[in-house]
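Labels A, B, C, D and E are assigned to the chains in the order they are written; within every chain, residues are numbered from 1.
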Amino acid sequence: MLTFTIRRLVLAIPTLLFIALVIFLLLDMAPGDPMADQPLTIPPEVREEMRRALGLDQPVYVRFGLWLYQFFVVEPLVVIDHLFGTAYSAGQARVISWQFKSPVMDIIVQRLPQTLWVVGSAYMLGVLIAIPIGIVSAVRQYSVFDQIGTFISMVGFSVPTFFTGVLLIVIFSVNLGWFPSIYDTQLRVTDWSSFGQQVRQMALPVFVLALFNAAQISRYMRASMLDNMTQDYVRTARAKGMDERTVVLRHVLRNSMIPVVTVIALGVPSVFGGAIITEQVFKVNGLGALLITAINANDLPMVQTLTFIFAVLIVLFNLVADVLYGILDPRIRYD
Amino acid sequence: MPDGAPPILEVRDLRTVFRLRSGDVHAVNGVSFDLREGELLGVVGESGSGKSVTMMSLLGLLPSPPAEVLGGPVTFEGKDLLRAGPEAMRAVRGGRIGFVFQDPMTSLNPVFTVGFQIMEPLRKHLGLGKRQARARAAELLALVGIPDAGRRLDDYPHQFSGGMRQRVMIAIALACDPKVLIADEPTTALDVTIQAQIIELMQELRQKMGMAVIWITHDLGVIAGIADRVIVMYGGQIVEHAPVDALFANPRHPYTQALLTTVPKVQGERVRRLAVIDGQPPILGQFPDECTFRDRCPYAFDVCHRLNPQRYPVGEGHDAACFLNDPGLAPQRPVLEVVDG
Amino acid sequence: QSTTRGEDGNLNILFWQAVSILNPYLSGGTKDVEASALVLEPLARYDENATLIPWLAEEIPSLENGGVAEDLTSITWTLKEGIVWADGSPVTANDVVFTWQYCTAEGMGCAQEGKFEGVTNVEAVDDRTVRITFGAPTPFPWVAFVGGQSPIIQAAQFADCLGAAAAQCTEANTKPIGTGPFQVTEFLPNDVISFEANPNYRDPAKPAFATVTFKGGGDAAAAARAVLETGEFDYGWNLLLAPDVLASMEAAGQGQIVSAFGTNVERIEVNLTNPSPDLPEGERSTVAHPHPFLTIPEVREALSLAIDRQTLVDVGYGETGRPTCNLVPAPEIYKSDDAECAAAYDPERAMQLLEQAGFTDTDGDGVRENADGLRLSMLYQTSTNRVRQDFQALIKEWWEEIGFEVELRNVDAAVYFGGDPASPDTIEKFYADVEMYANTFEGTDPTSYLAAYTCDKIPSPENNWQGQNMNRVCDPAYEEMLAQFQGTADQEERSRLAKALNSYLTIENHIIIGLVDRGRVSAHSNTLGGVRLNTWDAELWNIADWHRLDN
Amino acid sequence: MADATRPLLSVRDLKMHFPITAGLLRRRVGAVKAVDGVSFDILPGETLGLVGESGCGKSTTGRAVLRLHDITSGSIRLDGTEIGRMSQSALRPLRPRMQMVFQDPQASLDPRMTVEAIIREPLDEHTRLSARHKRDKVLELMDAVGLNRRFAGRFPHAFSGGQRQRIGIARALALNPRLVVCDEPIAALDVSIQAQVVNLLEDLQERFGLTYLFISHDLSMVRHIATKVAVMYLGRIVELQAREGLYRDPLHPYTRALLSAVNEPDPVAARSRRRIVLRGDVPSPANPPKGCNFCTRCPDVMPVCREVDPATLEVGPGRWVACHLHDPAVMRGQTTRPFGTMGHRGPGPNPAPLDTPARSAT
Amino acid sequence: MTDAPAAGPSSATKMPMPGPDVRLAAAGASQWKDVWRQFRTHKGAVLGATFLVLVTLFCILGPWIWRVDPGDLDVRNKDLRPIYHALWDSGAKVAWAHPLGSDNLGRDLLASLIAGGRVSLAVGWTAMLLSMVIGTLVGVLAGYFWRLDGVLMRFTDLVLALPLLPLLLVMMLLFRDSLRAAFGPEMGIFLLIVTGIGITSWMNTARIVRGDVLALKEREFILAARSIGTPARRMIPRHILPNVMSSIMVSATLGLASAIITESALSFLGLGFPSDFPTWGKLLFDSTDRMADFPERVIWPGLAISLTVLSVNYIGDGLRDAFDPRIRGR
């Protein structure tokens, strides 16, 4: 298992470098210019000057090389410096965002908490809702519960979040005034009341996203349960005199979770990708909002870094899914 | 031979229907038999004849829906199993009656250790603690002949060979000292040499523990070696029932006879050409009102197409469901030749 | 009115375009300039009536008080007495000089370089006096260090940030030390900025608020909702929403809408050159190929006449917009009389004009063509924005009624206004027949605005598509008039010439078809007092005076 | 038909090892020796039965002979042509001469193709007949295997197991092959159906002069159909004899164990019979024991068995066995009598011309 | 050859065999008929299919029945409420000319729904087909040729990591003018969007198909075809593709749904179709601001999207059951 993991990690390096290159070229080709949000009154010469200041006059390969160096050498050094108080990175230029004129990594680190809080807990909540729903729908296949569950999850899947989000705001923030419509990223949870506030402000976005996630995962769960319910070992468990609870919740569930857990793992990178639309609707300003504003502002270093981190996570969680499969399923042994 | 022993399991007129969207399937149609203490009852019949469904109906192991078990009673230790509550039924399953299934590869849960799977019924039925259960599980594994049993408790099923997995299945079935063991084709999936090991093991265990066994198979050879009495099933019905010697020496149902001739032998004269039973076994959309074997039967005559034969007694503990054995109809029909087994 | 600093607690401001930096020299973006107004201040500002008022300076220099040299080549400012930075150190003339050096340093890419155009030197005469020297006589010298775009920064803080190093000074760029009523405590780019009252602010009674939370993100509708409907925020900026939507939100009773008119005009620009994709790349939309029919004045006039500007206002802006034909809608002294043009919605006349120009619908497909078979078919582009798309739909309908064929295109704003020479979709490339956007000029002086319509400012492959003469106007008569305008200091004459220049482009020739004079719209909660919406400078210019009502 | 004494198929020292890779660089760390040095001949018109336990390499041998695997080493001569090293494309024209019938009649038929399309596929690949001709040929083949012509348009799932196996046989016969490898063609069928299929195979052999390599683990069925029988154990052929000899006088201890384990449907005989029950399981072909492959389970194991790999010797005309017990050279050096439990069953005359000294000592 | 046809007429009459093993069922029953028969027993699927057919017909035939141009601005009749609104609010501004009401520019909602449905469904179908084609191609090649497996699966990772928005922008930049010249403005942008959605949504299908092909390769009938000498170029269309069809169909139904949703998300992000080119997603998005005052403007397009996705999902369920021999007949 260990060698398998290491092997996959080693193989991932060239893949990721290639991905980085492709993303870079793609972004470079993309139309638009970091000057877009500057007022039209700025004279052309000034614009040209500003472009030069961003290094846009350099050829592509120089810029890509620089980015690679900064991302893989300078940024890790900064982390080391930060942890151990050393000064290896002193004087080295970091990856600087064009719109913020400050290091991309610092901003990403700043944004990470709210994304993890909102999108992450929505994902977890989605999973927590989805699994019991999937189990019950499978155990009572074609029952009323199953049909209603299917219906709700499909509606959750099919209604765009820009609509559900606004709908919830209109109902719960405007009319009922129960929850805030704007997320306060500066809220620090220090005591029960601030915790309550945090829960309240997370309630709406988390609900919108959780509905969406739960819809998908519960379908997987149901299918997986149905697959396993007809297996021979279930009959064995019954023949041993186990009660239905034990049969379903121990024997079937354990096996059904194997593919579902990998599906869940494969979905984790999307948590870090943030939820572009939901974040925008509730002004959570997490990584999704960061990415979309960076794209709109043509902030190439930011977009490049974010997408590349996303790619790393995708490759990584592909691996995690495989490893989890190996751990959960004793039959699979890599190497 | 436990000939006169009292029956511990009595099955009367058992019927099982699968109610499917595409229509009903009558898998078991009025099966009656009994099992005496300590005996080994062999059940033979070709695929789809209802052997497994019969046994699983007894213990309520069929998925319902679609399965519906009718008829009865099924008396075990004085209780009617078909009418017992779910709790009582669970106490019987695995506790008083053990079950071994055909396919050792899929019948064990792949994600739990073998030890855990053996300990489960021990803790449930005997209320053993973790330590005791583990000790007993190791004993059981050793009993079924797995070397180094204590250590192998922590292995997963896939780390065992097919034969060993079947031994584990047997260990699970025997865990709570059941009165009855139902073995549903326990050796069919195994190689001949391993099959021999399992058969030997079962005989040994039966002697040691003295339980009654129902052994389902489609291999007449296996039956010949181990059974005391034999039931032959066809189309969800018992077509012949006899002590083992009588069955092989004097089969009284055309199906049994044919079955005995289709199998080539490793000893004796090599037949130039194998005898065949033409056609296919039936799948019944309704309760059969006529003989289910009539389309493949070389002796079929008009009555066979009208009526479903009852089981005619033809000898001591020997009966066969064929009109050829009805003395009343005898004059009208061709003489039933007794084929030499 | 409050009398004690900080007694009104916290102020919540919502900018749906989030602030990314607090240094106007590194970003000309309105949102960034607005936010820095809380911290950084210029020498002088315009008030809501477009009057220049001294801010950090003692008084406005003028010819009369001798602050402006007779030959119009220099201007001398004097700082107010005793002004200190938020860290307590005094503001000196050196800071002003440094600000100039900072913006004009090599490799800096200063966004406000235009403010210092023509400035040859800035020098400290003494601790409180600075003199700005121009290379040529400058009739309107109140540009540098005037208004929110060119505030004074602290030399000490930015000393190491000159030139290429500017972008690396994260701390200075996000937490500048200023003279304004507030100072930054926390800066999360594109998300939230926290301010607290500047303890060293020159007016001890101000600001009334102890802290400000400056939140960004979302869209205009959400911002309006948060101020007008849920009351979570005190101030929402730039609420570009359909009037009926705004009105129904305001009905919730939590807040009120404020609006004011400035120089922002939503207009249609007519391409005088041929954008046809059949032309080879490099020749599309260049003066080498005049437009087949938009060069005909009747056609352009017909386009203008077919537009019902009042309906546009009703649909898109309501109270916050008014019909206009002008390019320069304000201030009053420079504004041509466009009342007739703006009210003229006359499709009949438009059709007549087209007939006159020889365009009739001969083949009955609803589209006019002339004798040469030239069809009046146009591509009409604008940026992606809901109101603009509504306008497109309406105008398309009107134009099609008089016999044009119109294809619509909307381009992502980042691309449309991006100016990327590689992209075919920028306003400069103008690969369409007509395009719509809004533009404004800063301050009150339209000189450089009107100066854009000269031959040398035509974007073309030669100048890498830079330049603001989108229409490709190239008329010696116009340029002559412009030169006159630029050389005159006499107010009467300037006014006359500015109107003539404006009319030439709009009312007379319909090269620029003005649509709506767009007011700025913001909203504040009913409990917030002191808001005076200013379109001539930063909206938050007088935030030191804002206070809580009825607490 | 060619010379009846020249083998149609001649296999020499066939090896088929599946590599096991491991480690960071996927280096090859070992091999599953599925087939490890197998030699046999099949004469035209003959049926060679190949028996052995699950996993001993029967199927792999069958597939390797048809070059469905790229073999590790050895020689395969079909009708005098060496095909062991041929490329797949060069092999294509030879494919019509050798065909295969598979174990699982369900799995070996494409569920999405009609019977006609299935039987026609070989014709499509190798002939240029017109559509009409092909259809005629398909219907003829269906007649030959006893399928009703009306069923040509049906899909496999609409047939019973026996009928499906007939479809598979018809497909194999479509190109008039000389050699047919039958890989457990009856294992998945019900007893009552098995006989039908075996009879059919026999009839077809007679009619078309086919040569069979008949793979099975059912010793009684092999006895019925095969003329020669090879017994495999862990990738090796341990014994190869004509049918009569093998069943009357099995030479290898493993063969004897196999035969004794067959359940005869005769309760009287069963009670008196003494089974040789082998202990333990078949070792993994990835890690075969040192010496004789069977030494871990052999009831007659000798010390030499754990050291030396026995050679395959012809102990009588057409009687080949790989066992030290039958190797005079080994037995001469043997001091203790090796035949522990085995004893010489029955007085049956040993047809081997040279009896081993060990045997004569009994 | 003695094996009489099992489904001889005599046995068929007396033993109707409707069991799970339909092997003996009516003569000539093809597999597709069988799937169809099975599909019919799934109530949800039939309902879904009916709805989908109706919606499709509504969108295709709608413009001939409801002859109002969705682009027509009728500013005097703007902000009309739907007719049914008059039932409880007699003061409501309604008109029979606009049965579902009109928007703030006076465009007819019913006509917009029809036109939007045409685009949304067309986007859904085409993007789904494209993504199925790519996904199947990659999946089959990766599964069948192990040499390609590594490369193609890494390629899949690459595409997974690609951000859709910049990709669409690049595509617009590179191809818009040539497409516009070749297909006209609306078709051109349609093709671009469809391609954009298609090429960023095939990865799941590819993974599933690859898994199926890997399993399929182990099946004996593939071996049988190889023993006949069938080369790969015929093996794939003849044996592999038909057998992965059921997985493809199931992921196709999901693909259709998510393509419709992606298109609506693009509207939200300001990419997508020109403004005078309604789609359900855009109608929904454009009306969110006014949803409190004019709920019908969000309810109708929202319902259209949801019900379409829901019905497509039920069809997928039905197809999966129908293709799965284990569930057949249950």
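In this text, contacts are C-beta pairs under 8 Å (C-beta built on N, C-alpha and C of every residue); 3 or more make two chains touch, one makes a residue touch a chain.
Which protein is which chain? UniProt says A, E = ABC transporter permease; B = ABC transporter ATP-binding protein; D = ATP-binding cassette domain-containing protein.
The structure displayed is predicted, hence computed values, not measured ones.
Among the remaining chains, those touching subunit B and also subunit E (ABC transporter permease) are A, D.
Contact tally for A-C versus B-D: the pair with more C-beta pairs in contact is A-C. Rounded to whole angstrom, the centroid-to-centroid distance between subunit B and subunit C, based on C-alpha atoms, equals 90 Å. Here the spacing of subunit B and subunit D, counted between their Cα centres, is 32 Å. In whole angstrom, the spacing between the mean C-alpha positions of subunit A (ABC transporter permease) and subunit B is 55. Spacing of subunit A (ABC transporter permease) relative to subunit E (ABC transporter permease), judged by their CA centroids, is 26 angstrom. Of all residues in subunit E (ABC transporter permease), those that touch two or more other chains are 2-3, 6, 22, 24, 169, 173, 288, 292.
Looking at subunit A (ABC transporter permease), one finds that residues 31-32, 174, 230, 295 touch two or more other chains.
The residues of subunit B that reach two or more other chains are 276, 278, 280, listed in rising order. Listed in rising order, the residues of subunit D touching subunit B in the complex are 53-54, 160, 162, 190-196, 198-199, 202, 217, 219-221, 223-224, 247, 257-271, 273, 275, 277-279, 281-282.
Interface residues of subunit A (ABC transporter permease) facing subunit C in the complex, by the touch rule stated above, are 31-54, 93, 96-97, 99-103, 106-107, 110-111, 169, 173-174, 177, 180-182, 184-186, 279-285, 289-290, 293, 295-298. Put simply, subunit C touches subunit A (ABC transporter permease) in their complex at residues 14, 17-18, 20-21, 23, 26-30, 107-111, 113-114, 117, 164, 166-170, 173-174, 186, 188-192, 194, 213, 215-219, 222, 225-226, 229-230, 232-233, 252, 412-420, 422-425, 427, 437, 439-442, 448-449, 463-464, 466-468.
Residue ranges of subunit E (ABC transporter permease) in contact with subunit A (ABC transporter permease), taken from their complex: 44, 154, 157-158, 160-163, 165-167, 169-170, 172-174, 257, 260-261, 264-265, 268-269, 281, 284-285, 288, 291-292, 298, 302, 305-306, 308-310, 313-314, 317, 326. Against subunit E (ABC transporter permease), in their complex, subunit A (ABC transporter permease) makes its touches with residues 15, 18-19, 22-23, 26-27, 29-32, 147, 150-151, 154-155, 157-160, 162-163, 166-167, 170, 174, 230, 276-277, 291-292, 295, 303, 307-308, 310-311, 314-315, 318.
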